[in-house]
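Two complexes follow with chain A in common, the first pairing it with chain B and the second with chain C.
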Partner chain A sequence: MRDSNDAIAWPFYVGSALALIVLVVPVLIVILTGLNAGDYMTFPPQGLSLRWIKSFLTSPTFVPAYLFSFGLAAATMAIATVIGTMAAIWIQRRGGRLAKILRGLFILPLVLPGVVIGLALYVFLISTGLPLARTFYGLLVGHVIVTTPLVIATVTAALVDFDRSLEDAARSLGATAWQAFFRITLPLISGGIGAGALFAFIVSFGQFEVSLFLSTPDLQPLPIAIYTSLRYRFEPTAAAAGIFAIALVVTSTVISARLVNFRRLFGGR
Partner chain B sequence: MTEIRLDTLTKRYGTSTAVDGIDLTIGEGEFFSLLGPSGCGKSTTLRMIAGFVTPSAGRILLGDDDVTALPPEARDIGIVFQNYAIFPHMNVAANIAFGLKMRKVGKAEIDKRVREVLAQVGLEGYENRYSRELSGGEQQRVALARVLVTRPRILLLDEPLSALDKNMREEMKFWIKDLQKSLGITTVYVTHDQDEALTMSDRIGVMERSRLVQVGTPEEIYERPATLFVTGFIGHSNLIDVTARPETEGHCRVHFAGADFSARVRGALDKETPAQLAVRPENVIVDAETLPDGVVAFPAKVVSETYQGPIVRYRIDIQGTTITAERQNQAHRPRLAVGDAVLAGWDPARCETLLR
Partner chain C sequence: MAAAMSKSDALVLDPARSIGRRPVRRPMPKLWLLVLPASLFFLIFFILPVASLLGMSFNKTIPGVLGFSSALTLDNYVRIFTRSLYFDAIFRSVGIGVLVSLVCLLLGYPLAYVIARTKVPARVTVLTILVLSSMQLDMVIRLYGLMVLLGDNGLINQMLLASGLVSAPLHLMYNTFGVVVGLVQVTLPFMIMSLIGVIRQIPPSFEEAARSLGASRAAAFRHVALPLSMPGILSGSLLVFAMSISSYVVPALMGGWKVLVLPIHVYQQIAEAGRWQFGAAIAAVLFLTSLLAVIVYDRAAAYIAGGRS
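Then we have the complex of A and B:
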């Protein structure tokens, strides 16, 4: 049994190895570049130093951009998680043709190129004269648009596993609709919500195309700041900023994984 | 201890009708089964009583309370689902405490009642388990404990045994019935399994295509099925083509294979009509030589024999009509051989004439 499985498995090992290389090698290169001791972005680095890390930490553009991106991602995550969760639940409860159509529409931002969404939103805000163009809120709207579908997708998947009769049982035992939702439904789909929130945060933090159209020099998310800096000087501070971005994403993923496992431990499926 | 009254209870989905004008009174402490094939509207009826489905028309009364417009949480009803619906993120104790918590019962009282009910369902020591650590039978006990601990007015069970294996099902059948009797709680039990309904119920309501077609004790339902559908759905019956003539109220004169006898019939008949006589295989008496008094007997021939252990099943030909007979496989009764000329017949008092 085991042996025959192993025999089938080797192409998958090769696939996994390739995937790992493709994913990890660029990250390693960014990290090594950020630790470069030389004056320019080169690989392999000319010796290791914390020179560019220091430069990042004292940079008048990167540090604010990093903090701005963090705040933007946090706000995006909060909004996308709440409305994405509510939308997913409503669509599922509604059922029927309308639900199918809405599900399709909500997935649209995932399949449209980011440049198109950014451009569309930019043109929309400018031409309608809404006071959101080139403001934090305009940028936030853009990020919410591209991240909410992720939350809808993960919560919808969690709802497929959720057995409605659990809610009925709670109601019959004396819980109001809200009590049943908060005590039964919400804890049981929290894994999906958590995953959606994490995706929303990470995607917003790394978002480039939409930000490109909606940010201004004084509202610069980190990816835009890195891009702008590289256009003028090919210096390793940008890679050092990359290191901090990677650190943040890895940390938030590990924390969320912990939270989800926590739930598993206490009786999730 | 509450009576349930359904008053022309109806549920329509678009143009189709899931439950069509059910009128029914279920007595205090009664074990009432809703029996019928899949899709006939049993669960919809139960879910309307529980408050999960809003009726299109009609009323639901528990005792003197009209609960038709009340949400489920205000009805004080216990319901056990087919899949038990144990909350997977709570242990057994928390599952059982849930209803009491919703009722704002104090902590000490909750602990006491949880302990009591666990003892009652034979699950002491299971407090800290989760549903995935329980067998089907244990989950079922938890589901029952969870509703019984709140002392609901009535108990609803939707096919609670269908997820269990056969042995467990047999055991739980009697266990549930005993528990129900000792609590004296009015119970509505939904099932498509006639054995369960016949074994457990005080009364059975048979449903066919969204309608309640017959209500009666298990004996009445089995012995005197009201329609062809009920006859076919509950057990097996020989349906023998006969002609029926009017006789007295409730009886008719049946003519079959040269014999004339009186048999029960529901409804009036005013002239000679073709009908079907329903005779259960265990009521077909076959013997090589003589049949007891009061039995209409016909010369017949054994067509085939099927050995089934405790019973032996024969196909018997009576002047071109083939019927099934079952005999106890007992040592003092010699088995019949295929091709034997025998006497076959039935006691007309145990037959039902069904008009078309």
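Then we have the complex of A and C:
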């Protein structure tokens, strides 16, 4: 590895290897546990088996939780993508002080404690008597609040990349501002919008903190269901459920790698 | 939305439509309609709830009663700042947050540097997908893996006992160590992502120039690349710090309820003791600590930007 990149000194490769171990090993262990033949994980493993996968697929708690999370994430994605994309376009086109303030507000849920956001929403829904508390829609609202910032960030990065002279060209040929926007700009930033949508889906699918106060025993997203089972014992069935979640995340990341230029995502502000 | 837009299209006669004129970059008509849905949504479901939670924290604590009254008191805050159980939790949370940021920086910088400087596109894509996937994967699933690894009967202890290196299992979780390891695992991808963008903007020629002038590789890194990475180091540390002090699930699972940080207190007061107003006050302290970190970051970033120009 070193010869092709001799600009990078060896300590960086050692550090990188450590970081990759920290990132990847826990995930590999979940996969191994879900495929392990024994009742609990041992070293060395006791051999491969599909018994926990079968146990997951017939589980009365994990399968409904997986499907519930999937539906919640799909609904969250739909709303967050629409309102987030619109807001990002406004922020980028409007510019100035007001846009800066609102952008700060929209990004705020990313740095504030998810437990507090969920708790505040729960208290608010209960005390105002809005008929959303302890329902699917209460969870949905909380998930939209924490995923919209991600859509706004991703779409803003795509808009920064966009060459506005293309829009000027359309307008000089007679298109109205909105026509130019819908026919030229929107198709060209659709990759960024798609990546933002996938991001929102996955973050909602794996969301724990915001769901903590908003979920009920009847409305359990997958992370809450796995958490509940982990507090009592290490069920390999939960690891098998994890394998299906890992598959979903890796697939979506690979798709979004095709949708956007990752380099833009890091540099985008 | 579509109806409103087509209406605005029909109403506006655009001067730029007249042939031969240079298009003037005028704002799109009724542009504000775009930001209306998000603004309303955030006002109703984010600003109002957070504001009312803050308001409730100034009400007297009555166990089991959830509601607002106009009688304001500082009792809850006095209690937080005079009882060492709660007061210590603030410092414990902040201390863990600082420690996790440092560990993430030490672990994350090398990988970010390699991803930013590797010239083989396929390798960059694979590494990026690994980092992004682990960032997006459900935290609870990753913690499951860590718990299988670190428990008293976990894989690490099984290996250590089998090899005879230790005679009794090491306690690697259900303590502060476990919480720090868990938080590092969960927040490391965010540090790496914050660093990659900044390191990529430093031209490798800067370090090459330093080396051609006789600097060692280490000196070139320390005096050129490292200072120029400061914006990413700061923003990554802020993100990791804010996530660490806010996390409930990591201390709950990896600390086994023994590491009492602020989010654990919030949950216990509300879900177990039914003391909504006091729980709201602890949540407010947590909220303000996060906000304070953002402000400190802003100042530090401005200071660095000012110092360089």
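Criterion: the second predicted complex is superposed on the first by the 232 of 269 C-alpha atoms of A that agree within 3 Å, B and C clash if a C-alpha of one lies under 4 Å from a C-alpha of the other, contacts with A are read in each partner's own complex, and residues count from 1 in each chain.
Here, a contact is a pair of C-beta atoms (placed from the backbone, for glycine too) under 8 Å apart; a residue touches a chain by one contact, two chains touch by 3 or more.
This is a predicted model, so every value here is computed, not measured.
Participant: Go through the superposed model and pick first if A:T176 touches only chain B, second if only chain C, both, or neither.
Facilitator: It touches chain B and chain C both.
Participant: Where does A:L166 make contact in the superposed view: on chain B (first), on chain C (second), on both, or on neither?
Facilitator: first
Participant: Chain A residues in contact: does chain B have more, or chain C?
Facilitator: Between chain B and chain C, the winner on chain A residue contacts is C.
Participant: Using the superposition on chain A described above, determine whether A:A87 touches chain B (first), chain C (second), both, or neither.
Facilitator: second
Participant: According to the stated criteria, A:V141 is in contact with first (chain B), second (chain C), both, or neither; which is it?
Facilitator: In the superposition, A:V141 contacts chain C only.
Participant: Give one of first, second, both or neither to describe whether A:I226 is in contact with chain B, with chain C, with both, or with none.
Facilitator: A:I226 contacts chain C only, not chain B.
Participant: Using the touch definition from the top, say if A:P187 reaches chain B (first), chain C (second), both or neither.
Facilitator: In the superposed model, A:P187 contacts chain B only, not chain C.
Participant: Go through chain A and flag every residue that touches chain B in one model and chain C in the other.
Facilitator: Residues common to the chain A contacts of chain C and of chain B are 168, 171-172, 174, 176-177, 179, 263, 266-268, listed in rising order.
Participant: Mind pulling up the chain C residues that touch chain A in the complex?
Facilitator: 1, 5, 8-9, 12, 14, 16-17, 19, 21-23, 25-29, 31-32, 34-35, 37-39, 41-42, 45-50, 52-53, 56, 66-68, 106-111, 113-114, 117-120, 124-125, 128-134, 136-149, 153-155, 158-159, 162, 184-185, 188-189, 192-193, 196-197, 200-201, 204, 207-208, 217-218, 221, 238-239, 242, 245-249, 252-253, 263, 266-267, 270-271, 276, 279-280, 283, 286-287, 290-291, 293-294
Participant: Write out the stretch or stretches of chain B touching chain A in their complex.
Facilitator: Result: residues 50-52, 71-73, 75, 77-79, 81, 83, 85, 87-91, 98-99, 102-103, 130, 132, 146-147, 150 of chain B touch chain A.
Participant: Could you please specify the touching residues of chain A with respect to chain B in the complex?
Facilitator: Per the stated touch rule, the residues are 163, 165-166, 168-177, 179, 183-184, 187-188, 263, 266-269.
Participant: Contact residues on chain A for chain C in the complex?
Facilitator: Listed in rising order, the residues are 4-5, 7-9, 11-16, 18-20, 22-30, 33, 40-43, 82-84, 86-87, 89-91, 93-94, 102, 105-106, 108-109, 111-117, 119-121, 123-127, 141-142, 144-145, 148, 152, 164, 168, 171-172, 174, 176-179, 181, 199, 202-203, 205-206, 208-209, 212-213, 222-223, 226-227, 230-231, 234, 238-239, 242, 245-246, 249-250, 252-254, 256-257, 262-263, 266-268.
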